[in-house]
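Shared between the two complexes below is subunit A, which pairs with subunit B and subunit C, respectively.
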Partner chain A sequence: MVIEVIKPGLRTTVQDLGRPGYHHLGIPMSGAMDRYALRAANLLVGNNEEDAALEAVFAGPELSFTDRRLVAVTGAELPPKVDGELRQTWEAFIVEPGQILSFDFLKKGARAYIAISGGIDVPLVLGSRATYLLGGLGGFQGRGLATEDRLQLGQSMARTPKSTSVPEDLRRADPGEPVLRVLPGLYAHRITEEAARGFYEDVWKVAPEADRVGYRFRGGRPLQFVPRKPPFGAGSDPSNIVDAPYPYGSIQVPAGTEPIVLHRDAISGGGYFTLGTVISADMDFVGQMQPNQKIHFTPVDMNAALAARRVEAERLERLRSHCV
Partner chain B sequence: MGVKTVLAPIPGTFYRSAAPDQPALKNEGDAVAKGDVIGIIEVMKTFTQIQAEEAGQLVRFLVDDEDAVMAGQPLYELGV
Partner chain C sequence: MARYSFGGDEHIAVEMDEAMSLRAFFGALSICNAVRDSKIPGVTEICPANASLQLRFDPDLIEPDDLMREVKQIEASASGQKQALTTRIIEIPVYYDDPWTRETLMRFRDRHQDPDATDLEYAARINNYASVNDFIAAHSGSPWLVSMVGFGAGSPFTFQMVEHEKQIQVPKYVRPRTDTPKQCVAQGGCFTGIYPVRGAGGYQMYGITPTPIYDPTQTTSYLREFMILFRPGDIVKFRGIGRDEYDSLVEDVKKEDFFLKQRAISFSLDEFEQAPAFYNRQVLEALDGH
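And then the complex of A and B:
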């Protein structure tokens, strides 16, 4: 009924689909950075898609099992091993009592989702089992896993899975030269037209600081701002505004130099202008980018953003009918 | 003496010293004991020590100080 942590990996946390509804109180949504991958892992092992699983970033943990469980690893290409023998990602496999689940080096992506039949049974906090590390909230004692932790598992699977693997076309497509689609706003008027053109032309590289709070980018030209007299309540830096809410996916550029895409553990408001918001359909992919990966931003309108969201929703429906 | 290539366990920025004003943790030719810190990889504002998993002699580094590395990329050669 428990798994024991032999090695935690770099930073492994319990995550589910998140904790919406408290953003106005400054509590971020948290939950899986790649929600599609989390859903897929859960469906493969017969869990409900919103059940809690493990999110491992860049390196996998080493876990010892005490009873027979079905396990699936999705998201990043982080090859799982059972007692040293390789297993496939995006496929369910059985781990017997006494066996050890470990991982090979990361091949692609950034975050792997490890779902175990029954789910990780940590207490619900504000309706979610997701870990919010900065706030010490939720998950396993509000923190990442550590050696010798014992994680309680749920009783049994919700149903018998219909399929034990996810077909290629329902896995994340390799985007090659990735492009993040951006809906411009809410403060795009603060930068010059030339600066906006430059932002969408330049190649940006993921900075090593990128984490669950935000993905920082480097490499493009600094932004030029439209001159103004700072309004009351805004700081003197041209990238400052009177405090405003930050949507999930919004892009702030402190001092106009390094854009930051706010992700699942980001704070909900503050005093930096935002030049746009990465569309929801591309946010899972942001969570799979490695440091130094090169990307472009491209502007889209609301219709294109909603169409992309529908494409994602249809893929999820196909995944559900394949697995359930 | 056999030579083993040791791989980076995680992606990030590789450092050969513990701080900018400090000497390199290990130099080529140095003896290495199991558990010795060979370098540091920084990612997500976290510094992870890269420890030797076995003893030997450091033959040569395959990356430079402050290089960006990917998980599974060769870091150094160890003579064992």
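And then the complex of A and C:
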């Protein structure tokens, strides 16, 4: 009923679909950076799609099993091995008691989701099993996995998955062009029109400072601000505002130089201007970007954002009818 | 009218004013309360903030434009309301100029506006106080209102309840620190905050409180029911303490029957604005049970 951690990987955490509802008190939603991949992994092993699984970033853990379980690895191309023998990603496979699950080197993407039938049974905290690292909250003792941790598993589900693999067209496809779609707004009026044009024209590179809190980018031109007299309480830098909530996906640019896209463990608010928000349909993809990857930001309107959201929802429906 | 914007396809941001004021905060809070009462389907989170607010919504349940229209109507009908609040005043003991804060700030002098002074000396000087003690007397003399909770888990932004010209203001560090003591009381701009956990930060550091404000283990007596102490609208009175009282409070807060000094009060913005000093005296008397 437990798995033992032999090696933890780089930073492996327990995640589910998160704990919305506490943003106004500074607790972010957390949960899987790539929500679609988490759902797919769970469905492949007969779990409910919101069950807790492991999120491994860049490198996988090494885990020892004590009973027979169905396992699936989705998201990043991080090839799983059972007792050293390769298995496919996006496919369920069996791990027997005494066997060891380990991983080959990362081929593509950033975050793999490791679902185990029965799910990871850590306590529910504020309605979720997700780990919030900065707050030391939820997951396994509020932290990432460490060597010799013993993770409790839930009862294996009675449901036998209808399919043990996800067809190619239902996997997270590599987007042809690495483009993040942005709904401009929020404090976009603080920068000049020319600066906004430059922001959307320039090529940006994912910086090494990319984690569950947010993704930082470098390489584009610095932004020019519209001159102003600082409002009371805002601070003297032209990129400062009176501290306000930050939407998930919002893009802040401290001092106008390096954009940061806030993600699932977002700081809930602060004093930097934001120029827009990455649309919800592109947030999973952000979580799969590697440092040094080049991307563009492109402005879209609300209709385009909602249309993209429908495309994602339809794909999820097809995944569900394929698996359940 | 307030300024409205969508934050992607899941958020609406409403800025009451570019500048911070109690009136902007109360405006945002009353819209938040009215949105909560109206139980609009699809609204999933309501975040009041210093001079703004944010709503999160599910666009599968409500059209973004429809929600925007409803919130604007709510703002129109809420305006002109009396800005009053049933809230509480909480006393937070602060060991100003404590050795741990001092040790930390000395390690980051190269990131500070004034490398030859402590954060307190710098804040006192640029706000025209003759001494650090005078500055601490001003900081702890008048109450502060919690105008936002966030940044980190349970971290309060508090705004001092004094006339505009008496507001203390300080810039953030030139470059943020990589370390701040847990429960450090610190200021950036016009806001005093408390760091819930140890970590990076850019606020000017004044001291440390022995009372936890965030406890994910929920073992602290007054955080057993919920892990976060502050709510927007709470009123805070800082009280300066020395080393001996700090040490004994550190032990006391571990006890099962420890409680923070606090009282339920009602706050009226109109009455406060008419005579802030007089009004604050009443608020502080309420804390002492008069």
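To be clear about the criterion, the second predicted complex is superposed on the first by the 322 of 324 C-alpha atoms of A that agree within 3 Å, B and C clash if a C-alpha of one lies under 4 Å from a C-alpha of the other, contacts with A are read in each partner's own complex, and residues count from 1 in each chain.
Everything below uses one rule, namely that a contact is a pair of C-beta atoms (placed from the backbone, for glycine too) under 8 Å apart; a residue touches a chain by one contact, two chains touch by 3 or more.
Every value quoted in this text rests on a predicted model; they were computed, and no experiment measured them.
Trainee: A:L10 in the overlay: touching subunit B, subunit C, both, or neither? Say first, second, both or neither.
Mentor: Touch status of A:L10: first partner only.
Trainee: With the two complexes superposed on chain A, say which partner A:P231 touches: subunit B (first), subunit C (second), both, or neither.
Mentor: A:P231 sits against subunit C, while subunit B stays out of touch.
Trainee: If you stack the two complexes on chain A, which partner ends up touching A:R197: first (subunit B), second (subunit C), both, or neither?
Mentor: Touch partners of A:R197: none, neither subunit B nor subunit C.
Trainee: After the superposition on A, what does A:R318 contact: first (subunit B), second (subunit C), both or neither?
Mentor: A:R318 sits against neither subunit B nor subunit C.
Trainee: With both complexes overlaid on chain A, does A:D211 touch subunit B (first), subunit C (second), both or neither?
Mentor: first
Trainee: Scan A:K162 for contacts with subunit B and subunit C and give back first, second, both or neither.
Mentor: neither
Trainee: Check whether A:Q290 is in contact with subunit B, with subunit C, with both or with neither, and answer first, second, both or neither.
Mentor: In the superposition, A:Q290 touches subunit B alone.
Trainee: For the complex, give me every residue of subunit C touching subunit A.
Mentor: Touching subunit A: residues 5-11, 13, 15, 17-21, 44-54, 56, 59-60, 64-65, 148-155, 157, 159, 164, 167, 169, 171-172, 188-191, 196-197, 199, 214, 216, 227-228, 230-232 of subunit C.
Trainee: Any idea which subunit A residues touch subunit C in the complex?
Mentor: Touch list, subunit A to subunit C: 20-21, 23-27, 125, 132, 134-137, 142, 183, 185-186, 231-236, 240-245, 247-250, 267-271, 274, 276-280, 302, 305-306, 309, 313.
Trainee: Provide the residue numbers of subunit A that touch subunit B in the complex, in ascending order.
Mentor: Touching subunit B: residues 10-11, 57-59, 105-107, 208-211, 290-292 of subunit A.
Trainee: Taking the complex as given, what residues does subunit B use to touch subunit A?
Mentor: 7, 9-13, 42-46, 48, 68, 70-72
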